[in-house]
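Quick one: this structure, given as structure tokens, is what I'll be asking you about.
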Amino acid sequence: MHLDKLRHEVLEANLELIRRGLVVYTFGNASGISREDGLVVIKPSGVPFDELTPENMVVTDLDGRVVEGNLRPSSDLDTHVLLYKSLPDIGGVVHTHSRYATAWAQSGREIPCFGTTHADYYHGCVPVTESLSDEEIGGEYELNTGHAIVRRLSAIDPATAPGILVRSHGPFAWGKTAPKAAQNAVLLEEIAAIAYHTVVLNPHATAIPQALHDRHFLRKHGKNATYGQG
Amino acid sequence: MHLDKLRHEVLEANLELIRRGLVVYTFGNASGISREDGLVVIKPSGVPFDELTPENMVVTDLDGRVVEGNLRPSSDLDTHVLLYKSLPDIGGVVHTHSRYATAWAQSGREIPCFGTTHADYYHGCVPVTESLSDEEIGGEYELNTGHAIVRRLSAIDPATAPGILVRSHGPFAWGKTAPKAAQNAVLLEEIAAIAYHTVVLNPHATAIPQALHDRHFLRKHGKNATYGQG
Amino acid sequence: MHLDKLRHEVLEANLELIRRGLVVYTFGNASGISREDGLVVIKPSGVPFDELTPENMVVTDLDGRVVEGNLRPSSDLDTHVLLYKSLPDIGGVVHTHSRYATAWAQSGREIPCFGTTHADYYHGCVPVTESLSDEEIGGEYELNTGHAIVRRLSAIDPATAPGILVRSHGPFAWGKTAPKAAQNAVLLEEIAAIAYHTVVLNPHATAIPQALHDRHFLRKHGKNATYGQG
Amino acid sequence: MHLDKLRHEVLEANLELIRRGLVVYTFGNASGISREDGLVVIKPSGVPFDELTPENMVVTDLDGRVVEGNLRPSSDLDTHVLLYKSLPDIGGVVHTHSRYATAWAQSGREIPCFGTTHADYYHGCVPVTESLSDEEIGGEYELNTGHAIVRRLSAIDPATAPGILVRSHGPFAWGKTAPKAAQNAVLLEEIAAIAYHTVVLNPHATAIPQALHDRHFLRKHGKNATYGQG
């Protein structure tokens, strides 16, 4: 993808997080990748969302070295880059501290599939990563966060789980493009919110039957999908 | 009703869901029926709400065949059509995944009438459908969802219950017109939200006395209603 | 007060309820009284808030008879009128179904004074009325709702409790003027919301010490008040 | 700092509280100090936020005497002034009754560090003050509130805890400037909200490991910070 278009998409993804109330101040970041160029475009670190422009997005290579821009990239860059290297089909990554998804991440509980809203997007629970060891935290922390995500995804197709909860931290989401990743972050927050209220109403709620889960997921995904305009 | 007017009403009903915060992205749909023409107007599938126009609404017959429009109808069309066939007095149907109503649907709990806000609109609890069997899910799923709603309504006059919770799924609401159905979806979310906070404050809360329930419901409904401008 | 000014104040009070998110559609009403004229101005029944004007407010006498206007008054008129007759110092009354206050009303729990936000406005708990008997409900229901409020206030100075929860129903608030009553409805919702979250965090939370309660209440009320611009 | 600039900053801090939904009506106040002049600029008491201007901010000396302005200063002035005297590195103070932070204050529970959102700003829990004695409440109450805060901070570097919960009352936050203090009040509300939902999901949730807490806090604070644009 042309880098200029990617800058606009990454900006748009960052702005979507603000519009949907997922981030306050600088709590969150979105990035996108140009696979043909091997370049990542990411939000600069600590810059308020209302000062973001296509031009001040930071461009890095897949070793995380800045190749364009005068600003430092998001401090979570290494996590993003590792996800791009490990998940070859994704084109965008988003990290937020949105309220409900972060509360689930802090509680250490994965989100069971309690209903069709969830089943429309995840073909299973919303997974939670394992804790990092003190050595992983003291070492290349952001990179190791990426490794924890990839380990948790080892038996999961990322196309069937467009997001994850990093334990004690918050959600990451991904998609074919940066705007799709932002949309998946919004959907994860909504799924997390509904699930929160579900377990308060019924602490013994269980996941929906597999047949219903399959039906909804496959209505929207895969070669037999019937949802949308095809 | 003239089809052109119906297109506008159905659009308006869909937009009301957005304005009131009941849907994110494409999570929801509203339809309306022209009884004299035997035609249903419904939101196209997966089209963002800000791209909806009267013209891109989809028109189908009562077998669910598209008779006007180039877009696919909402994937929930068959549920809507069955409701129109089974409930001859309704003119509009709405489906959402609004947060509190969906949490109740996911919890599998019907909503008791805890107060007059509820009693003003429902002459009984907000009902929950039974689970579908694996065969029903694997077969004509959307049609069978409609059948589950109609079965649950077998002993209930739909004029006294303008909505229902589909178990593990979310709310459906109906009304004389599509905008009325949308309004009933908003009211159901509000009733669900207040009831949620009620059971947190008092897990042993019970339904209000029948005399109070009757008084409020009949103040707004039926031939002796005194509410509004008559 | 000149009736024309009162119409504007009552309209403004009704609009404040919308702006602050206390009512959806037609769920709520505000009124004001001209003591010298013995006339009450109140919202018409069931008219959407965005269609309200000073001119379509309804004017009634203290027997609840319409003396100006072509619309029916709010169905809660009789409750308002009884409050004006029983509480000679108030000039405005507001009724809403705001979420948190209504949840407390539905739970049947009075709101203890858990903190200074509450103590700034109520010199005691937020009271809850007793249930009405079936006879009271079947008879002059709205009038009897007023009597239940007045009975519950029998040992309370309404200047020290600017609102109440009608059991199984929702909040009423009052004040020197209609806009003050609307403000008190907003404050009651805020107090109810904070108290809700308090009891979830600490089910054994108790009322604050009397010295702190007195200090805050008397800082804002009475002849030794020091808050505001005097 | 030039007093004129300080007036604008304090106004801006007060307005930020409104924009972020932290205060209703006059529930909150922000101030700033000019250390070189020994003067404090603070919101006037009980004036609606939409009537605030740089000119009607009140200027006092460090004994709390008004030196400029015709309006009374915020009733919490004495608390602000004591904090400025006791915490020499702060330049702004904010007090609110924001919902979640106030609920924690009312519950009497300190907020454990459940995740990185919290660890980014507090190098420990969010502390809660001890109760005031009846003598402290009956005496110079606002001053004694300040003393309770300072006592609780005796073993804490205020640069590692930019806010506190005053028991039975609500949050205070501070920062290098008034706008920074307002930002810290917003962050405290967000931390309190996420923590609230965390303990509902997992009543046995515990603080994150110290290594993770250190990593996040020190990534944003101190001489080795790597976050932001340096």
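In order of appearance the chains are A, B, C and D, and numbering begins at 1 in each one.
The working rule: a residue touches a chain if its C-beta (ideal position, glycine included) is under 8 Å from a C-beta of that chain, and two chains touch if they have at least 3 such contacts.
Keep in mind that this is a model prediction, so the values were computed, not measured.
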Quick check for you: after a Cα superposition of chain A on chain D, what is the rotation angle, between 0 and 180°, in steps of 5? 90
Return the distance between the CA-based centres of chain A and chain B, expressed in whole Å. 32
Would you mind pulling out the distance in Å between where the CA atoms of chain A average out and where those of chain C do? 46
Scan chain A for residues touching two or more other chains and write them down. 196, 200
Arrangement of touching chains [line / ring / star / complete / other]: ring
Chain C contact footprint on chain D (complex, rising order): 24-25, 27, 44-47, 71-72, 75, 97, 99-100, 102-109, 131-132, 134, 137-138, 141, 168-170, 196, 199-200
Mind pulling up the chain B residues that touch chain C in the complex? 20, 114-117, 183, 186-187, 190, 193-198, 200-202, 205, 208-209, 211-212, 215, 219, 226-230
